[in-house]
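The same subunit A turns up in both complexes below, where it pairs with subunit B and then with subunit C.
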Partner chain A sequence: MHIMEGFLPHPWWEIWLALSLPVVGYGVYRVNNLIKEQRNALPLLAVSGAFIFVLSSLKLPSVTGSCSHPTGTGLTAILFGPAITSVLATIVLVYQALFLAHGGLTTLGANIFSMGIAGPLMGYTIYKIFMKSGFNLFLTVFLAAAMADLTTYIVTSLQLAMAFPASSGGVLASFTAFAAVFALTQLPLAIIEGIVTALMFKYILQAKSDVLLKLNVISETTLVKIKESLT
Partner chain B sequence: MHDMLDDYVYTNAIRDVNPKLKLLLGLSCILICVSSTSPIAPLIVATSMSFIILVIAKITWRLYAKLLLVPLSFALLSSLAIIFMQGETSIFTFTILGFSFSVAIEGINLALLLLSRTLGGMTALIFIALTTPMIDIFSILKSYGLPDLLLELSMLIYRYIFLFLDEVTMIRNAQILRLGYSGFSSSLNSFAMLSSVLFIRAWEQGERLIVAMDARCYNGRLGVMESRVSLSWRSIIAVVAYLGAITIIAVMTRDIGTI
Partner chain C sequence: MKLEVVAIMVIGLFIIAFAFISSSGVYEWSGADSQAEEVVSELTGDSYQPWFKPIWEPPSGEIESLFFSLQAAIGGLIIGYFFGYYRKDRAT
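Here is the complex of A and B:
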């Protein structure tokens, strides 16, 4: 969920930009190291970035009839980890602002924080914890993707609430109001994106599971086990 | 599918104006809108930018209206939340489902201010997007010292976005023909299939890309063509005068609310 250009007032857009920049900087450092290690990482990261952009420009099938797009943050975080995701998300967000008029340039920092940092971090953590405890893979992917979406939506509501606290009740009251307004579109969206991401995982596993092995997303033993249960 | 702004940027009527000047104009307008404390300056920016986009750059109004629709619906929803939260002295109160809502002058003022800022900012952003091609922006970013890695990554992503969009359209059409989106659950399934196939194809493209780039002596750096467009004094003076006028208006009207 993007905050549109011009909506975040003066101190806040600078604050979120200042918070996001070090994380993206760290991501760039990590990507740099990765490319020094493996030369063929750059083209693969590039096609993944383009994939995220194209995925996020598609319309999800939705119940409410509202215009809803997947964020793709959960999937990217599972595949590449949060640091690299923040770099890809930054580039994708700039392109979304310039190609689709979604989001904005002054609100870029806030959007990077919610969609490129907080959401992916949540998705990645959930994925790692649940996989380690031997939970069902598809359920884990569903949870990770849905929770990444929900986190993005909650952080965005919080960002708006902090910028516009209510006169009576302060940030908390205003957070409830923003969260309530956006819940209508964001809750079904998170569930649908979770289902779609889990299904996607299934198809990728069936058709090209070596990618997942190469990215260290799953171990060889779990892959064999899951493939057996699928056939 | 979306209308990609990039499809129109190469054919707009002010494509050949110096890109630095266009960026300066758009970015300054965005900053003026964000820092303005009354809705007047952003509204002037919105009208003048719309004029430039529609009349001077000759973009069709149908596309332009469609582009503004998404950000405006976000701004309207958020303003709705703001109207009910701000201010002490309420003008009127009503009750829905046991919750009482009260509207105060401060709330309406703030909501209108935010709407105008979003409108002004979005029109300026769309101005940049519709008039300045990405390759010009790349060469400007390069001259201002954006790290090579980010530039490289952005350029490759830019290149592949359009290839994948074609791919998606083809797959989606094939799915629609086979009634892939006829019901809700089959839509979900088709969508997942579409995105996973897209991911796999993207990955294979990436693996082939490194071979192709190596074959052409890729050394970790892609060249960017520096576009040298001369700056005409007339356009510089026009942009500076316009920005100066808007800034003065924004400063002079800083205390004016709406109601």
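Here is the complex of A and C:
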């Protein structure tokens, strides 16, 4: 999903940076609150950040004969919401821009927007809606993480399409071309990411369900039901 | 069905799909990021030049994979540390 260094012309890189910065700023404020008020949730924050580190380092081959990588942001989005996720995604994106020449500093805003904001927001929304309707918990986590992953790549395609509209067909034709590269490759990877995230969520639930209650990730009644089915 | 079983089955399917595709033709297995670069040059008729270059690029594929592994190792370390901590926490 990385837009390469220098590949977003003026004014697009400024626009995406301007959209992303306030969210990351708000995320930093939320992290600070967490540090002050919910210290027992901090290990979980470290784990979900580390999860993004691991998953976004894995380049997997896909059905299209090319490689791409999962984002790992779904877990943080479910546990802490999109704003905090954008902060963690920024750390990973800066690491990759500086040491790997993946993505870039000029495209950082656009990449933060797709991986750190749009994807997580989609995952978070799906999680909240499905949990309210009493859907199976692990299936919900799967869907939220897979859709967060896929949304990130669809937004990347859109960002590139808006910056490079085709001479015939415009933005829509460009979007189709970019989505053919990104979204299609990503589909199997999104499924894998969904299932790995569901697995991770299960282990967190088994290890530290009291923190999940405090963070309002699950309700008491769901927790009792899940604990029964797991034992 | 246990979640772990489902996960192993899906990953198994993924590996089979990969084996099938790589045996049915010659692919580059290049990154989607660089393929998007090609789409950009197709759409603009090769006229677009990136206006900024990465400050530093890994000098070789080996060094690039070093930083990718480092990234995964840092993540794995933190996850393992805290899961171990939680386990001990629950046992006492």
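Brief remarks follow.
Simple rule for what comes next: the second predicted complex is superposed on the first by the 190 of 231 C-alpha atoms of A that agree within 3 Å, B and C clash if a C-alpha of one lies under 4 Å from a C-alpha of the other, contacts with A are read in each partner's own complex, and residues count from 1 in each chain.
As a working rule, contacts are C-beta pairs under 8 Å (C-beta built on N, C-alpha and C of every residue); 3 or more make two chains touch, one makes a residue touch a chain.
Values in this document were obtained by computation on a predicted structure and should not be read as measured data.
Within the superposed three-chain model, A:49 lies in touch with subunit B and with subunit C [touch as defined at top].
When the two structures are aligned on the shared chain, A:57 is found in touch with subunit B and with subunit C. With both structures placed on the common chain, the touch criterion links A:191 to subunit C but leaves subunit B unconnected.
By the touch criterion defined above, A:106 reaches both subunit B and subunit C.
When the shared chain is aligned, subunit B comes close enough to touch A:39, but subunit C does not.
By the touch criterion defined above, A:2 reaches both subunit B and subunit C.
Of the two partner chains placed by the overlay, only subunit C lies in contact with A:138; subunit B stays clear of it. In the superposition on chain A, contact of A:31 is made with subunit B only, not with subunit C. Touching of subunit A by both subunit B and subunit C, each in its own complex, is seen for residues 2-7, 9, 43-44, 46-47, 49-51, 53-55, 57-58, 61, 63, 67, 92, 95, 97-102, 104-106, 160, 164, 166-167, 174, 177-178, 181-182, 192, 195-196, 199, 202-203, 207-208. By the touch rule above, subunit A contacts subunit B in their complex via residues 2-10, 13, 28, 31-32, 35, 39-40, 42-51, 53-55, 57-58, 60-61, 63, 67, 70, 87-88, 91-92, 94-95, 97-102, 104-106, 160, 164, 166-169, 173-174, 177-178, 180-182, 192, 195-197, 199-204, 207-208, 211. Residues 1-2, 4-6, 27, 30-31, 33-35, 42, 67-68, 70-71, 74-75, 77-78, 80-82, 84-88, 104, 106, 110, 114, 117-122, 124-126, 128-129, 134, 137, 147, 149-150, 152-154, 156-161, 163-165, 168, 181, 184, 187-189, 191-200, 202-203, 205-207, 209-210, 213, 220 of subunit B are the ones touching subunit A in the complex.
Listing the residues of subunit C that touch subunit A in their complex gives 3-4, 6-7, 10-11, 14, 17-18, 21-22, 25, 27-37, 39-40, 42-44, 48, 50-58, 64, 67-69, 71-72, 74-79, 82-83, 85-87, 90. Of all the residues in subunit A, the ones that touch subunit C in their complex are 1-7, 9, 43-44, 46-47, 49-59, 61, 63, 65-68, 92, 95-106, 138, 156, 160, 164-167, 174, 177-178, 181-182, 185-186, 188, 191-192, 195-196, 198-199, 202-203, 207-208.
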